[in-house]
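As written, the chain order gives the labels A, B and C, with residue 1 at the start of each chain.
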Amino acid sequence: MVMDTTKTQEQWLKEMEEKSRAKQKNFIGNITSRLKRPMVAEAPKHPYRGSPDFWNAFEWNEQERIDKFTENFISVGGHVERFRTMDEVRGFIADKAKELSAKYVIRQNQRELEALNLEQDLPEARVSVWNSDEDENWKARSAEADIGVVLVDHAAAYTSSMVVLSSKDKGRSVSLLPTVLMAIIPVERIRTRLGEVLGRFDEAGRESLPAGIHFISGPSRSSDIENDLTIGVHGPGVVYAIIVG
Amino acid sequence: MSHATAPKGGATVKERAELALNNEFLRKAVKFTTERLKNGKLKAMEEHGNWEEWRERGRQIRLHTIAHLDYYLNQFVENARANGVHVHFADDAKDAVAISLAIAERKSAKSVVKSKSMVSEELHLNHALESIGVEAIETDLGEYIIQLAGEAPSHIIIPAIHKNRYQIAELLSEDAGEKLEADTKVLAGYVRRRLRAKFLEADIGMTGCNFAIAETGSMVLFENEGNARMVTTLPKTQITLMGMERIIPSWSDLEVMATLLPRSATGQKLTMYMSGITGPRRTEDADGPDEMHIIIVDNGRSLQLGDPEFQELLNCIRCGACLNACPVYRHIGGHAYGGTYSGPIGAVLTPSLQKNVAEWDDIANASSLCGACYEACPVKIPLHDMLVYLRRRKVEAGHGNKAEGAGMKGFAALMSRSGRFNTVVKLGQIGQKFVARDGGIRLKVGPLKGWNTYRVLPALPKKSFREQWGTLEAEIRAGLNTMSPDIKQRMEQAVQNRAKGGGHGHGHH
Amino acid sequence: MKASLFITCISDAMYPRVGEAMVRLLARYGVALEFPKVQTCCGQPAFNSGYWNEARASAKTIIESFEDSDFVIAPSGSCTGMIHHYPKLFENDPVMLEKAKALQGKSYEFTQFLVNVLGITDLGATFPHKVTYHPSCHGTRLLGVKDEPLALMNNVRGLELVPLPHAEDCCGFGGTFAVKMSDISGAMVNEKSDHVKETEAEVLVGLDMACLMNIGGNLRYRNEPVRVMHLAELLYEGVKGA
C-alpha cells in the first residue's frame, strides 16, 4: 500500500469520515433489511432496561457498606484502612511511603490531595502533581512513581469497586502505572450497588462524560500461568483503599 | 473469511481431537482449568443468588438490542463520532485489516501494543501488521506467551492453558536472553518489566470491545491485568475492533452484563478493572490517545440477523462459560476445534460466520448434545439446538456424509413401519448367534468398531418387548388392582390442567 | 382415561425387562398401560444428525400411536425430550404440527408420571444395596427431571444412595456421536466409569437405557462387576417380594 504523503492527517481523516458515512448507510441498511421491517425513528421501548427490580431495591446501611467493601477488597488481595480525618490519612500515607522507601510519588491535582502536604512530609522523595506543568512528561512521571495517590469519585461496596474519572487534573496514569496505589475514598461516596454509580452516567448524559471512567476493584492479577494466581501484572500490585470520614 | 492454511495437526476435528486425546499434559491442564473456572462460576452464582432471573434479564437485554440493532448501532456511531471518535465499517476481515493497516501507515507506526481481542484473532491482524513492518505485541500475559510460541489461543479466557510453566519459562527465557526460573512470580515479573517499555514506546494501542454503550457512544473493557488500560492510556493513537453486535443501550444495562460476565467467566464478582472510554482524550487531558478509531466489524455476523434459528447467537457476551461446562472441550481442548473460537460457541460460530456451507468441516459433530452449554450460558443461547440446525443445513445443502445419508434412508425405511422394525429385530436376534458370547458382542469390525473399542455391546434378548406384549398384557388384565379414587382424581386433574394450558415441569423453552 | 407405554426402540429390542417393570409397577396402582404397536422410534438418531425428513418418517409412527392417549409414558428422558422437538420438526406441516403439540403436552418420562401425576413417591420397595445414580443429560437439563428419581429412591428401604462424583457430566453417548467421534466418546465414558468405580456402588441406576447401555458396556469391557439397572427395574425388583 502506498501512502499519500501529500495529504495531511486532517485531510485523510476527513476523507475516511466521508467514506465511513457512505458505508454506514449500507451497513445499517443491511441490518434493517435482514430484520425485515423498517427501522424505528425513535428509541424502541426497552422494558427490561437495567437490573431487575428486586435488585434495585437492595441496599446496605453505611456500616454494612463499609464492612462489605472491606471484606470484598481484602478477599482479592487489596488492603483497606479506615480513618476519621484527612489528617490521619496524611499520616498513614507518609508513614507507608517512608516504610517502602518511596523515592517518587505522584498525586492528582486536587485540593484535597494538596492538603495532604506530601511534599513536606516526604522531603527525601520527589512528589509530582499531575499535569501541573505543561512541559513535563506526565506518563513518564507516573511510570517512575513508586506510589500514586488519588481521590476516588465513586465507590460500590458489593463489588468493592472504586471509580476514578479522568480530567485535566486527574490522569488515568496515576492510578495505573505506579507500583503502589493509594486510593482515598470519602465514606459518603460508597454506595451499595454498581448500578447506583452506573445510573449516574446515564443521567449525566454523553456530553458530560470524561474520556476515562475506571472501575478498580482490587490489585492487578493473572492466573494465565498454570492457573497459578499472581498479583501485580501490569497495574499496581499493592492497592490501599483508604476510607475516610 | 476461510482459513488460508489448514489448522495445525490435521484437517478434521476427529484428527485434531485424537492428537489432543493422546496428549496427557494437555488433557490434565484443560481438565484442571475448566473445573476450576466452572466451580468458580457455580460458587459465584450461588453466592449472588437469583441467577435464573439475572440470566433471563441478560437474555432479554441482548435480544432486545439485537432485534433493534440497526437503531442502536446507528445511535452508537453518531454518539461516538460526536465524542470525537473516528468510526469505520468493515464488511469482512479484508476490510478491517485494510483500515487498520491504513491507520498504522498514516502514523508511520513502528509498534502496536494489543490488549485481548478475539476479533483481531479472527482477522489474523498481527500477521498483516507484521507484513508491513509493524511490530504487533500482545500484552495480555497468556496472549504474550502464545505469541512467542506462535500458537493460537486454546481458551477464550485463559489462552495458554495448554502450556506448563516449564514450557513458559523456556519461551520467556529465550525472549529475555537469560535463564528465568519456572516460577509464576518471576515469569510474570519479567513480562511486566518487558512490556512496560513497550507500552510507553508504542505508537498505537489496539483493543477489542466487550460492550459498546449506544446512548453515549462509549466502549467498555473488562480485564484483570491492567494491560487494556495501558493500551488505551499511553499510546497516542487507539484502534478498537468491535464486533457489530457488541452493543447495549445504556450504562444501567451494563450492570446486568457486569453481573453476568465475570461470574460466568471465572467466578469473580467483577474483574479488577472495568473501563468505560468515551472518546479520545479531552484537549486538556494529559494522557489518553489524541486520535481514537473504532472499526465496526461484520465478518459474517449480519448473516445471523433475520434467521430465527441463529439470531440468538449474537447474544453471546464471550464469557467462555460454555467451554468450561462442555465435556467434549474438557477432553480435547481448544485447538482441536480448528478456528478462532473453540468450545460450544466456537462449534456454532465458526460455521455460522461462513456463508459457504461447503467449507464447513465436521466441527458441529464434536458434540453429544448434552445441553451443558445451554445450561451454563448466562444469556441462554440454545447452542445445543443450533448444533443440530447446522448439521441439518449441511445435509440439506447436499454436503452430508454419503454413507451416513444412505444409512439414514435405511433408518427411515425401517422405522416408518413397525412391521419392518419387528422383522429387523428378529433378524438381529438370529444373526447375532454367530457373534454373541455370554450375552455380549465384542466384535470390533465395521460399524461396531468404534463402539466395541471401549465397550461390550449387549446381545439382543430372545424376545423383544413387543413380542412378549401379548402374554404380558393378558397377565396384567387378569390381576389388575383397582385404581384408588385419589389416583383417578389426580390423573383427571392432569388432563384438565392441560386443557387450561398448564405445562408439567419442563426445564426447556 | 388411556395411559400408553412409549417403549422406545432401544428398550423394545434390547431391554424389554424395563418395559415389563414399568407395566407391572403401574398395574399395582390400577393403571393399565396400553401398548400401541404402530410405534417404532422417536427419530432422534436421524434428527440429531440433521436428517429431518428421515426423522419425520419415524416420528410419524409415534404421533400416530398416541393420538387417543391421555398419558404417554416412556422409560427415557431422552426420547420424551425428543417429543418436545416434534413441533419444530413439523413446523411446516400444519396438521402434524397440531398433533405434535398435543402429544408434547401429554408425554412424560416415567418418574415424572409416577411422582408428579400419580403423586407416588413410596412404592413400598426394599432394595438393600449400595446404589449410585447417573442423571442423564436430556432428562435433567431439558425436561427438568431432578427431584423425582431422588424422591423415589429415598423411600426404598435399605437402599444406600452414594452420590456419583461429577454426576452432571455427559456419559458420552450422544447417539451417533459415540460412533462418529468414537475416541472422544470413549474418553468420556471411561471417565464416567472411573467415577462410578469411585463410589464402590454395587448398582448403577439411571432413567435412560441409552446411557446405561453405554456406561454398562464400558464397565463390562473393563470387567467391573457393577450391576446396571433402570430405576423401574430396581423398583420392581424391590416390590416383587412384597
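We adopt the following convention: a contact is a pair of C-beta atoms (placed from the backbone, for glycine too) under 8 Å apart; a residue touches a chain by one contact, two chains touch by 3 or more.
Since the structure is predicted, the reported quantities are computational estimates derived from the model, not experimental observations.
Participant: What is the chain whose Cα centroid lies farthest from the Cα centroid of subunit C?
Facilitator: Result for the farthest chain: A.
Participant: Just by CA atoms, which chain is the most central one?
Facilitator: B
Participant: Could you work out how far the Cα centre of subunit A sits from that of subunit B, in whole Å?
Facilitator: 30
Participant: If you average the CA atoms of subunit A and of subunit C, how far apart do the two points sit, in angstrom?
Facilitator: Averaging C-alpha atoms per chain gives centres 54 Å apart.
Participant: Enumerate the residues of subunit A that touch no fewer than two other chains.
Facilitator: In subunit A, nothing touches at least two other chains.
Participant: Hunt down the residues of subunit B that sit against at least two other chains at once, touch-wise.
Facilitator: Nothing qualifies.
Participant: Going by the contact rule set out above, which residues of subunit A touch subunit B in the complex?
Facilitator: Residues of subunit A touching subunit B: 1, 3, 9, 12-13, 16-17, 20, 23-24, 27-32, 34-36, 39-40, 43-44, 46-52, 54-55, 72, 76, 130-131, 138-140, 142-143, 158-161, 166-168, 171-173, 176, 193-195, 198-199, 201-202, 205-206, 209-230, 232-236.
Participant: Which bits of subunit B are touching subunit A when the two form their complex?
Facilitator: Residue positions touching the partner: 29, 32-33, 36, 50, 53-54, 57, 60-61, 64, 67-71, 73-75, 77, 79, 81-83, 86-89, 91, 98, 101-102, 105-106, 132, 139-142, 145, 158-161, 164-165, 168, 184-185, 187-188, 191-192, 195-196, 199-200, 215-218, 224-227, 229-230, 232-234, 244, 249-256, 258-259, 266, 268-282, 284-288, 291, 296, 298, 302, 305-306.
Participant: Please give the residue numbers of subunit B that touch subunit C in the complex, ascending.
Facilitator: Subunit B residues touching subunit C: 13-14, 17-18, 21, 327-328, 331-332, 365-372, 374-375, 388, 390-396, 400, 404-405, 408-409, 411-418, 421, 425, 428, 440, 447, 449-458, 460-461, 463-466, 468-469, 472-473, 476-477, 479-484, 486-488, 490-492, 494-495, 498, 503-508.
Participant: Please output the residues of subunit C touching subunit B within their complex, sorted ascending.
Facilitator: Residues in contact with subunit B: 1, 3, 7, 9, 11-17, 19-20, 23-24, 27-33, 35, 37-41, 43, 45-55, 57-58, 60-61, 70-71, 81, 84, 105-106, 108, 112, 116-120, 137-138, 140-145, 168-170, 172-191, 213-214, 216-218, 220-221.
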